[in-house]
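Each of the next two complexes has chain A plus one other chain: chain B in the first, chain C in the second.
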Partner chain A sequence: MPVGYGRVVASEIEGAADAALLADLRGVLGDRARDNDFERGLYSRDGSIEGSSPAIVCLPTSAADVAQIVRICRQHRRPFLARGSGTGLAGGAVPVGRPVVVATSKMDRIIEVDIANRIAWVEPGVLNLDLSRALSPLGFHFAPDPSSQQVCSIGGNIANNSGGPHCLAYGVTTAHVAALEVVLPSGEITVFGGVDAEPPGFDLRGLFVGSEGTMGIATKAAVRLTPNAPTVRTLLLDFDDVSEGSAAVSAIIAAGLVPSALEMMDQRAIEIVEAFAHAGYPTGAAAVLLVELDGLGGGVEAGVEIVREVAERHHAGHVRVAADDAERALLWKGRKNAFGAVARIKPDYYLHDTVVPRSRLTEVLEKVYRIADAYDLIAVNVFHAGDGNLHPILAFDRREPGVDERVKAAGRDIVAASIEAGGVLSGEHGIGLEKRDYMGMLFSTHDMYTQDLVRETFDPDGLANPLKIIPTGSRCSDSFHQHVPEGAWV
Partner chain B sequence: MNRRSSGGSEPQWEGASTGSPDAGASLAANIAAEVTAFAHEVGSCDPVTVVGAQAHWDVGGTPLAGTREVRAPAGVWEHEPSEMTVRCGAGTTVADLSAHLAQTGQMVPLDPADDAATVGGVLACGFSGHRRLRYGHVRDLVLQTRHVDASGKVVTAGGPTVKNVSGYDLARLLVGSLGTLGLLAEVILRTLPVPAASQWLTGDGDPFAAFDLLYRPSSILWNGSHAWILLEGDPADVAAEASKLEPAGFAPCDGPPPIPAVGRESMRPSDLRALAGTGGEWLAEVGIGLVHRHEAVQAAPVAPANALLMDQLKQRLDPDNRLNPGRRPW
Partner chain C sequence: MSTASPVGEPSGTAGTFPLQLDIDSDTLASCVACGMCLPHCPTYRVTGEESASPRGRIALMRDVAERGEADEAFVEFMDACIQCRGCETACPAGVRYGHMMEVTREALASQTGYQPRLRRLAYRALGMPRLLGFGSRLLGLSQRLGLMRLIGLLGRARPFRQLGAMTASLPRVPVRQSPLIASGDDVWLFTGCVMDAWMRDTHRAVQAVIESTGAGVALPPPRASCCGSLHLHAGLASDTRRLARKVMAALPGEAPILIDSAGCGATMKEYGHLLGTEEARRFAERVQDVHEWLAERVDNLPSAAPGANGSAPLQIAVQDPCHLRHVQQAHLPVRAVLSRYFDVVELDDDGLCCGAGGAYSQQHPEVAGAVRERKVAAIERTGANVVASANPGCTLHLRAVGLDVRHPLEIVAEHLSAREA
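Take a look at the complex of A and B:
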């Protein structure tokens, strides 16, 4: 099987097949089924560096639309792929096998806010920050807050089991999803989980969250509402030495604090963020920690004292406590826009995502710098230090010949170094295409075989976002290879 | 590193506490040996069930007659307080785990009715404790599982770090599966700091109004006439929240009455209000929607499409129905 991305050869036969498929989809969706080059181009990539072309793009407005699309795809034996905002960083939304893209952008209603049950029913295309903004006057928010929250969709958050700075205290998306309406790969509509305390049977809801669109398409979700904290304090600590910064991270946790967020930035990150956000980040420092404590006043103020003590013990230069909401927002503006700000040094970037035990942060960070140097790339580190979730950014210029290979090789080395330190492949971005072939670094063949058995239960024909997550060849039986859709590249 | 084998009966591993790379390797080898021995015991042929403390033995049915009984490995194997994670055998009792963690001021809020229950038993049932309101569902405390599957092989799911989305979330599938898809051998759980202060209050005030008044209480239990509210956290905060409750008719007390341990009736949190004035002895978790009863409760039906998926999962993962035959989680 050929290796390498983006190698779809459109033949005349494919053209005819696409036309028949389009005609059937138009029968249901009218002009919301599209095959113009512009839109196919628009949906050919996500936030990763992979890309390929879909056959058709559909814009459903209801679960019934989605079910019809899936049934038509089944009739034509054509893969389909859910897509939210396309900000995924692991290639989960990259179309493979000339699929039909099911974009959820027109399914963007907040259906019901149910305060008595602390639940909001939403469509998958609702943007993460739009939901929290709508809940804010009621005193609640949706806890997962990816840095991309202004643009990413709840459906994408669910499919990727996304995290964010504040997941340190509140947990990642799966802890905040009570129920899901799903169009199964069979075309049937069902509901997993429930708003009640203990829905019976296996936790199909928990299995679906994080399955990256390979078990069907979520068309509605009951997400949990988290009360806004009465008191919030945000601190900025700067260090002359990255290892002191990392040690302070462990010390804060070891002191029995669970900050709502604990983020770290290295010197390069500080410089580019400051040039853009003008938040007063100390540009001379080797590292800063952004620490947020929230909850009731007593615990928060006691926590601030503990953080101050730790800062002193680890020779922090300054401890800046944001005086008000405006200053707090400014400090966060820098952090949440750090990735975009990388464009100041190079036009392209590749954002990694691995997790290591907190105690190994210093060591793995040093390795990241060495790996970047070895491949002649620039590494910038802005990450969720509190849960050991590294996000090395490799900045590069796509126009340089051979740079893609270097970026991928460096990425692989970073993943290997993280796993060697007792870490995992991904903390929040998922596996998708990007890390699919690294799964064997963490899991045995039998582990992956078992995962694939579970996936296959939902999608025996391999039509839902095929060839993601599990590497091909994980199944000893030939049946696995039969799922590889025609025209797919692997 | 802070390690201890609990339970007394299993080996104290030499060199496991020095923290040297060799010690780490020998610890890992010893854990692997325990898990492998369990896998051999489970084997690949006959019907088998895991016996824990039998604290939840009848949940979802009792194993068919003639089913061979095995025990999961026990022992707190690795606890790194600054990582806030703990690795233990699934056969470890919650009492042993709690005692070990308490030495460093940490806990895993599993909170079974009887803490002789094993960690694996609590997770297989998927029963959260009475502090779910604050700490979430037990499945969200699980980071990594190692289980023995129907073919007698060990399967690892999840990962050892506090955050992880590598691969399908089989660990969540196992929680609540009553051991019908795999037998838990080893788990890595998230730990939390033991709160500095903790106070129960009781009274005949409106527990639903109390829930709206408080910021993240740990538990609100209600029997239709009285409520018991648990506040945890910083001492000043607990005192301040308690003083908010006093005008609403609540006063400090030692704790709630024993929680009925037979039936668990699941409903939407908002539906609990309708229980007011209904007879019988029950205790409901306000904000959660769970009613604990002395009588068995009929489980709600599962939608046909879901039942089909569940049957097929069972079929694929345990084709000969040898794992806990006679039990069914729906």
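Take a look at the complex of A and C:
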């Protein structure tokens, strides 16, 4: 793109507009509205590999703050973007169009725990694991448990309709949110859903969960509390052959079990995870399955026997049953830190999230390895095998020239291979910026146009996290594509 | 979460100055920004701000290293780190954050006015036992004569505000302490600077517990007075190296060197890396936290006293000093020793920092106070009345809000002497 006079003028105009916007935001937030270069840089990316700078970072402490910020953004016709802990992997919290970032991290109170209704009202900045820990003395937890659960926020979980290993049995976030207080893109505060029973009318709560900040900003959520299971058993099965491991996954489900979690790791994943967690993962194995069963004691023990039989039939090397909570915790510590641990191979990673039919796991995995080889990249696989939710990780070093293009091309091929096998674009990380332009692989133009109409109903001005989920060009009226910064995906 | 901010709105981006950050690009690139460190960072926990997180600070270091210049805002963001290194324990990628922060502080101290002259002199005084002893006695006397209240009043006037805040948070310092007496040469007990001047009775208790295993304790001469830990955290690594050489020369032989202050132990175990000599490496291998040494000899310790009227053993909540848990990974031996006598209760905060951080609580009282509130809440959740902490800084910081905090071996020594009586 030529850089010339026109661009300089544009940035001067932007600067003046930013200053006026900042003055108004400071009127509400004081020094919790920031525009220094350092902090704008810090909020320019999330856990994905893309980034672009916001104009201003806001750190609200209440729903009233959020509503004011949104109203001011509307007056200035400036996009805004909610952000939780910034661990998203699909670029959903990457600022596009020089927006105002609304970071909810200071809104982290658990407001009320209502055991009679098995509901807790929480602010969006509450961390997922903090909530479960706070509930633990009462015998409850919040069921969705993404790998990032120690740091990801409930607000982020709602935005992405997040999953996690234990969603195989318990369902993803939308099944665990009863009601939401939301600041709409108009700046009004409203409540979707309800605590008591399913309210009449359209399920707007269900629509909002997973909308990635394009329909407003959640400022409070009534989440459902799940009782802690009286008995939990965690098993580790190792295999010499990835295909035997995949076959065992299907066999466990076919045997009638619904484990609370059924995870798979390949050899590279086992090695890096063991290097971090020292949990005794068998580093020589081609694949391991981490199987967790919970419920009443008798049922769980019967399930353990079924898993043992399946393991034997599929030539598992060993079946290790965690002896106590400490051993279980150690195994999970390894699994849940796998992504970050990839840095032990290369300093950057690109983590994919697609879903394929369980029966075709082996075939798609083989394709993933072939694609990585073809682009001279390293693939590591750690994933929710029980629901066919693949998480191929491409490890790379962004300082190598030309590697970005190879990583993206390989990513696209992996998505295409998954869809070809009858799968879908995303299991739980959302579409964000990353998969937006792949939507066309799964949806017709008409489908996407209709989705965009729904979005427009909530956000007629296109200010709420614009340019995410729906590809540009779905509507002629998209007015922000000229603001897309260099380096962002378009 | 409060509206606490690590630094408030930074002082602005007007003045930039050159800064060479000598961190190699592989080290800077080793952070993949996954964010797993955030909940384990005390300053992120109380502010919710990226600039107060390890991930954020590394991004800022990367930025400055590339541009070769920094500004006041950068200095404030770096200075707001407590250097607890809880992020290193949490990091799946094994990023050496503590090392990066030390290099950054050293660059700031040597290339900018980050450590003003007066503060440098104060740090230097830690290595001068006579001066430190004299100053401490003076301080203790002033506290008793009510002079500190005067300084406190003076502290309301602008030029003395920092002095006023500092004196207000100081513990009561002893005026007179009887000397420790060596009992053999099986192990050295390192006594340090401020701890010896202010908390010698802790050393006395530690020495008694060591001796109860049958070992004789050698004491260092006054010239081995300071390990240089606070200097290292302030970016004054050359002072640390100078002190390290003195300490090494003063503790010759092969006997283990036992440390009862987690911060000192962490630094002395690093001497090999800091000085880069074979001699320093061999010295560092002799350094052990006193609990590590005792845990290997736990059977030589006297057995527990029978509970009075069969009452349940005393409940002790263990507060892990960061430099014991996250840096030395030597927090489990504390439990091995304590659980011989007491019912050990764990906190549920994953070893999150208490906010003391050496001199940090003096320099950033607001953030340190907010961090401490979380720790106090975790302690209260255990229901225990006594807290064991193996680091003088944490002990003083937590005592300041009225908690009964003691060195683990003080609690053990008291139990043993009660048993004899």
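Convention: the second predicted complex is superposed on the first by the 465 of 490 C-alpha atoms of A that agree within 3 Å, B and C clash if a C-alpha of one lies under 4 Å from a C-alpha of the other, contacts with A are read in each partner's own complex, and residues count from 1 in each chain.
Convention: a contact is a pair of C-beta atoms (placed from the backbone, for glycine too) under 8 Å apart; a residue touches a chain by one contact, two chains touch by 3 or more.
Predicted model only: the values in this text are computed from it and were never measured.
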>> If we overlay the two complexes on their shared chain A, which of chain B and chain C does A:F339 touch? Say first, second, both or neither.
In response: second
>> Once chain A of both complexes is superposed, is A:S85 in touch with chain B (first), chain C (second), both, or neither?
In response: second
> In the superposed arrangement, which partner chain does A:A116 touch: chain B (first), chain C (second), both, or neither?
Replying inline: first
>> Touch test for A:P259: chain B only (first), chain C only (second), both, or neither?
In response: neither
> In the superposed arrangement, does A:P471 touch chain B (first), chain C (second), both or neither?
Replying inline: neither
>> According to the stated criteria, A:G388 is in contact with first (chain B), second (chain C), both, or neither; which is it?
In response: first
> In this superposed model, does chain C or chain B come into contact with more residues of chain A?
Replying inline: B
>> I'd like to know which partner A:G201 touches here: chain B for first, chain C for second, both or neither.
In response: first
> What is the shared patch of chain A, the residues that chain B and chain C both contact?
Replying inline: none
> What residues of chain B sit close enough to touch chain A in their complex?
Replying inline: 80-84, 105, 126-127, 136-137, 139-140, 149, 153-157, 159-170, 172-173, 175-177, 181, 192-193, 215-216, 233-237, 240-241, 264, 266-271, 285, 287-290, 299-303, 305-307, 309-310, 312-313, 316-317, 329-330
>> Taking the touch rule as given, give the residues of chain C at its contact with chain A in the complex, in rising order.
In response: 1, 3, 5, 8-10, 12-13, 25-26, 29-36, 38-39, 47-51, 56, 59-60, 63, 73-74, 77, 90-95, 348
>> List the residues on chain A that touch chain B in their complex, please.
In response: 114, 116-118, 160-161, 163, 167, 171-172, 174-175, 184, 188-192, 194-204, 206-207, 209-211, 227, 229-230, 250-251, 253-254, 256-258, 295-299, 302, 355-359, 384, 387-389, 422-431, 435, 439, 442-444, 446-448, 450-451, 453-458, 469-470
> In their complex, what parts of chain A are in touch with chain C?
Replying inline: 31-32, 34, 36-39, 41-43, 45, 47, 59, 61, 85-87, 103, 105-109, 125, 127, 129-130, 133, 148, 150-151, 276, 337-344, 347-349, 397-399
